[in-house]
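Naming follows writing order (A, B, C, D, E and F), and every chain is counted from residue 1.
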Amino acid sequence: MCLGIPGELVEFGKDDAELAVVEISGVRRRINVGLLADEGLKPGDWVLVHVGFALSKISEDEAQAVLDALKELGQQYEEELDALRASDVG
Amino acid sequence: MNRERQVLARIERVRRRKPVVREELITLAHGAGGKATHTLIEAVFLEAFRNPLLEPLGDGALLAPAAERMAFTTDSFVVSPLFFPGGDIGDLAVNGTVNDLAMCGARPAHLSAGFILEEGFPVADLRRITASMAAAAEAAGVTIVTGDTKVVQRGKADGCYITTSGVGYVEQPVTLSAAGVRPGDAVIVSGSIGDHGAAVMLARDDYGIEASVASDTAPLHDIVAELLKALPEQVRTLRDATRGGVATVLNEVASASETAIVLREDAVPVRPEVTGICELLGLDPLYVACEGRFVAVVDGAHADQALDVLRGHPLGAGAAIIGSVAADPQGLVLLRTSFGGTRVVDVLVGDPLPRIC
Amino acid sequence: MRFVDEFRDAGRARALAARIAERCRPGRQYTFMEVCGGHTHTIYKHGLEDLLPPEVNLVHGPGCPVCVIPMGRVDDAIHIARQPDVIMTSFGDMTRVPGGTGSFLDAKAAGADIRMVYSPLDALTIARANPDRRVVFMAIGFETTAPSTAMTVLRAAEQGVTNFSVFCNHVMIIPAIKAILDSPDFRLDGFIGPGHVSAVIGCEPYGFIAREYAKPLVVAGFEPIDILASVLMLLDQLAEDRCEVENQYARVVPWQGNRIALSAIGRVMRLRPHFEWRGLGFIAHSALAMSDEYAAFDAERVFDLPGVRVADPKPCQCGEVLKGVLKPWECKVFGTACTPETPIGTCMVSSEGACAAYYNFGRFDREQMHRAAGEASRA
Amino acid sequence: MNRERQVLARIERVRRRKPVVREELITLAHGAGGKATHTLIEAVFLEAFRNPLLEPLGDGALLAPAAERMAFTTDSFVVSPLFFPGGDIGDLAVNGTVNDLAMCGARPAHLSAGFILEEGFPVADLRRITASMAAAAEAAGVTIVTGDTKVVQRGKADGCYITTSGVGYVEQPVTLSAAGVRPGDAVIVSGSIGDHGAAVMLARDDYGIEASVASDTAPLHDIVAELLKALPEQVRTLRDATRGGVATVLNEVASASETAIVLREDAVPVRPEVTGICELLGLDPLYVACEGRFVAVVDGAHADQALDVLRGHPLGAGAAIIGSVAADPQGLVLLRTSFGGTRVVDVLVGDPLPRIC
Amino acid sequence: MRFVDEFRDAGRARALAARIAERCRPGRQYTFMEVCGGHTHTIYKHGLEDLLPPEVNLVHGPGCPVCVIPMGRVDDAIHIARQPDVIMTSFGDMTRVPGGTGSFLDAKAAGADIRMVYSPLDALTIARANPDRRVVFMAIGFETTAPSTAMTVLRAAEQGVTNFSVFCNHVMIIPAIKAILDSPDFRLDGFIGPGHVSAVIGCEPYGFIAREYAKPLVVAGFEPIDILASVLMLLDQLAEDRCEVENQYARVVPWQGNRIALSAIGRVMRLRPHFEWRGLGFIAHSALAMSDEYAAFDAERVFDLPGVRVADPKPCQCGEVLKGVLKPWECKVFGTACTPETPIGTCMVSSEGACAAYYNFGRFDREQMHRAAGEASRA
Amino acid sequence: MCLGIPGELVEFGKDDAELAVVEISGVRRRINVGLLADEGLKPGDWVLVHVGFALSKISEDEAQAVLDALKELGQQYEEELDALRASDVG
């Protein structure tokens, strides 16, 4: 119900500014982008799709920030793991 | 009276002519058992399915049983829409029954076909369907040897329903049984899953979704025969993953064998489009029907060999080992997620995708 | 980036899990509520429990739109659906929710014209295609979904569609969280905040939780990595003795929410003085009705409704599950009388319901499983 | 975790319990292939039809062919109403297929059953139907060994359609063929005609007609076996006179054998009520369906012996020689009227009585 | 007495046949027209020809209600039936009659709601059961059937049924007989008069045939004995040089007809100035329309009709068959292009149509048959 | 279409004088007897049924008269036949 799916905007409606088409893994669906009228959407933008409406524009920067933070965490983890292994062996 | 006699003779000649269906739409008369029914049978069904066993058009067909054991199966097909990317109700009806026989380890031999037609159904569509059936039967090496036609009033069906039954002969010395599955066995699927269900759902156009997915409908007897030839004693059980999908089939196996089946999510082959459709609609591809894929449970020691055999067949190019059988928890199917967790994969509840076959 | 697989990565998950385990103070138990049913679904669907240390307990909250619909409202909806000229439209999940007189599915089998839709816009399309029928949309959902309903009504008004109405059951998350905070058996250490609700209302409305109740809240995304990351952020706050509203899901949730969505809700709907929540009773100012301006689209005014309150079935403990007081399996009827096929309570219906999620995905002995997995990998 | 483990164990026990159908009406979920489908199959179909071949509930049933020749047939049943005096769609579906096998000279052995159910169909009615089928199968000595269930949306069917297929074994050294009929043969009917069609039509209550007529639905394999035992070489062909009635069946025979069949109107057994109904509606009993009567064409020299055999069987008490075979006019069925005239009896045109089987 | 079998007795038939043969003047041919399709049906169904001497020829008349409906009227009826809110009701025979755009059956297969009824009262029942639909009864038939339609309309008016109307195609037998008498190729020796029409109109309307055209007419019953007896009565009149209207069917036909029936027709219907008969063209004062008093039940006024005259198909010789000028088998398309399954003309549709009766029952070589019967009886 | 069937009146409608039930070979159907309102119908009378209406009351006397005439004819015929045979033999 609260299901939201990220999709890439590939097309905008000609007659109806509220209509657009998103693509998700090669699958297209017509959605309503009226809730993001002031976001200046353009093809290539990603939006979160909920019950046929784009609810939010997805920020790649913010996503990347989270992933980067995780990477750092991961590196720390791997280092610690390596340290642990080294100590085990040693 | 001589002229009258000439006229009578001419009428007799006309009556013996090859019957022609003139109507464009099916009427109740086509189901009444009289002339229109005969004309339909001869001009459409017999034309499409012609073979020596069918030709007498008797109450049934006479066969010659040729094996120690014989398999017998039936399925009704009510798919909506009748035509969809990759197939139609006709080849579905043939392949579905061919596959059920194949899953029994039998060589499919003969099919029956019962048609329930809705008044007003276009005869052109019926011809298209029977042509598909004939082609599918030819491809599967089976003959349609007996049949029946009923017509119901408009609004009492949905164009065309087909029930096929099949008999096949078990010629290989195999013992297939879900109950024979044991811990250590490997679970193999013959190709990417969910294509058929996804294709039919998109063809229905209820959700405004577009994607290029085609049904996987195909006859599996040949690839199964190769697998059984290679590993007659190592194949435990075979199931085509139709309604309810792979999840449902494996639950049946887990339950019959009192084992646990553990799948690896990242090993399950799913096309990206099918994944996309499932995400959009909140479905799980494990529950989406295939019509040309099967699950084989094989002795774990011979899993790679089985995989090689399958991948060597055009219908098994996408085959994959998707999991293995454990002793506990009995009767459950579990999935190791790509993420690293574990969850139950239960039998389908409810009806996310009705009328897919 | 697809914004999906990246947040399901096993390697990242292991790193996070390790950090989470590290962050737990030995001997201390942490109990966090994931408010939103979407999170509950993710947790079970991806087997998140396998990655959490035993110190971290996730309890499920009231944020499942289907779960909170009281039986009386289901009966009212079925009453509408039974009118011979009505086409009732509904999201699929809703169709199995039992009212006092059966579910939508039962009513459908008995002849009512009830159709599943993917979007309220599909309901409007059905209305335009069936001018001689009255088409009703069974609107359920939190603030995530209310804007879609509102936009659909605005479209209907613009297009002059007169045979379309909405049976409005939209509810709001803040009053529900407040009810839980105020409950005598409250014992949580923090909240995993609802990501998609927040995309509409923003993060500020949660401020009182940190300020007045001194509990941390992290607005979280719906991929399993998001939830692990949020758990870590909560543990970090506790470890550092902070108590804030944080936004783990900034890629989707703007701090201020969605202005257009809020104003659409504001135009089309009005606050109800109170509304019954299944298992939780009446909660003041917790739900939306259609506004007077859009009365013509209000099924509650278009139809005469019985409006009878129906007591929940005796054995039903959905209230306790929704407040996070009971785990699903602690309900006496769980998995025996109450199953997804034969749900007694609503939490067993929606795949976001805690009971359904646990039954469908989590219903097995993890230790036994791990043994089995060990065997299998050795074999 | 210990309490959780206990709960899990209890749930597993519950899951293994005998499934119970709680719903009163069929829903689409019963056709989705998931839990509801399984419950329906186990609680309704398996309960009614239980036998060792069916029990594995696999993709098909494994049989042991036991004869040199085997007969295979199918029929779809769409009768409306589903219940009528003397029977219902259930025993019709079993007897119909049993009879088609019997007409091939085969001992009916195994049946399949495919159900197409309409959403909203009362489960109680389904139970009543499966009970009839089970009783009919028992009476006919056949087992229902495989099956299928589909559910379609309300308004896409008419409650319940059933397609049965059957296999039977030809154990007697007989050669039955309509083409083998020759001048001098006698035409015998096993009892009064038109009862089934008349009963169904009255049950439909479209015409405000009342009479006490019951369907003749019955399994004919036994009476046929006795006839074939007595006259293995003298019986030319057998046909059950279903849709289209005796007239249609005999036209098929005349046409296949290139003979003329000449009936005597006053020899054709018709119940007075059936005559009355036919008069009221302008129908001819020769075209009204039977479901428990057959036509036998027998060497003329042995006609009386055949009649004796038939009359000695409870299902043949009303048997009668109704005509004979002549050389000309080829391909026609003629009737000597009681009045003393002669007329053609052609194949049925149009559809006076739709949906009778 | 059942009034049926007694009149089908083979012994009586042989006696009559012998007397008929005796009555024929050697070398003279007698040609009688059975006006009514019911007689045609009886003649073929019972194989009457086998009992008549070669001197007696029966030719078929225009008295088949289905046969005389022109194609344009069928098209009008289909036009009505295609209106989405209409249920068209019709006697079964009518449903296969081809118009210019197919038959009722074709329209039904293409989606029109067309139902077969046994009685016009059934159509009225359907109207009462479907208040939101307009139910039209396709009224066809001679004076036999017109009273039933009239009585049904009177009932509908009495019961205040407003969604019922009649598409009135009732025709009258006397103008049709007159058209035949006036035709240049007229060459009959007498008429077998229509029994059931006469039960309504009585025997006096035939008086002009005897008086003005000097042809005998015997009103006959519908069992085969009735027809043989009538033939004998006609031969008797000719032998005795009488020329009268006689009533062989006095058990059913009162000389004065049925007063109530005639007055019901008089109230509900009015004479049309002219009406087209299939194959016969326009005949003045030969048909009935709904009267002004019952205009509300008149489908011709309730619906806008195309009312286009459609020319009969080129090869169709139904007109000649209906006038008794051609035997069915003398039509060029008989039994080849025109069969009961694929009728070109109307006479091939109704079982009372001469072509259908001959095709269904009489289509065989009687001499060959008699040889075969001889063989069979010797065998 | 012009099909008329003789049936025996077995019952009259209670509320509706126009309704009655006829029996034909053990088969019953409700019919309208409004067209014979002035015939004083009673159970046991036979009527001719056409499209659900009783069109005419059937006179047994008239039927008998026809059958009697035929019988006479038949007797004449049999006598003639006998005479013929006698002459043949003779």
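Some notes on this structure:
FYI, a contact is a pair of C-beta atoms (placed from the backbone, for glycine too) under 8 Å apart; a residue touches a chain by one contact, two chains touch by 3 or more.
These figures come from a predicted structure and were not determined experimentally.
Shared contact partners of chain C and chain F are D. More C-beta pairs touch across one of D-E and C-D than the other; that pair is D-E. In whole angstrom, the spacing between the mean C-alpha positions of chain E and chain F is 21.
One simple way to say how far apart two chains are is to compare their mean CA positions; for chain B and chain D this gives 27 Å. Once the centre of each chain is set as its mean CA position, chain C and chain E turn out to be 73 Å apart. Chain centres here are Cα averages; for chain A and chain E they lie 79 Å apart. Among the residues of chain B, those touching two or more other chains are numbered 27-29, 35-36, 207-208, 279, 282, 329, 349-350, 352.
Shared interface positions of chain A, defined as residues touching 2 or more other chains, are 3, 25.
Each of the following residues of chain E touches two or more other chains: 4, 14, 118, 122, 225, 340-341, 359, 363-365.
Listed by chain label, the pairs that touch are A-B, A-C, B-C, B-D, B-E, C-D, D-E, D-F, E-F. Within the complex, the chain C residues that touch chain D are 105-106, 108-111, 327, 329-330, 334-336, 339-342, 359, 363-365, 367.
Listed in rising order, the residues of chain D touching chain F in the complex are 207-212, 272-273, 275-277, 279-280, 282.
Touching chain C in their complex are the following residues of chain D: 1, 3-5, 7-8, 10-11, 14, 22-23, 25-29, 35-36, 39, 119-120, 154. Residues 3, 5, 24-30, 49 of chain F are the ones touching chain D in the complex. If you check the complex, the residues on chain C that touch chain B are 4, 8-10, 13-14, 44-51, 92, 96, 118, 122, 224-225, 340-341, 351, 359-366, 368-369, 371-373, 375-376, 379.
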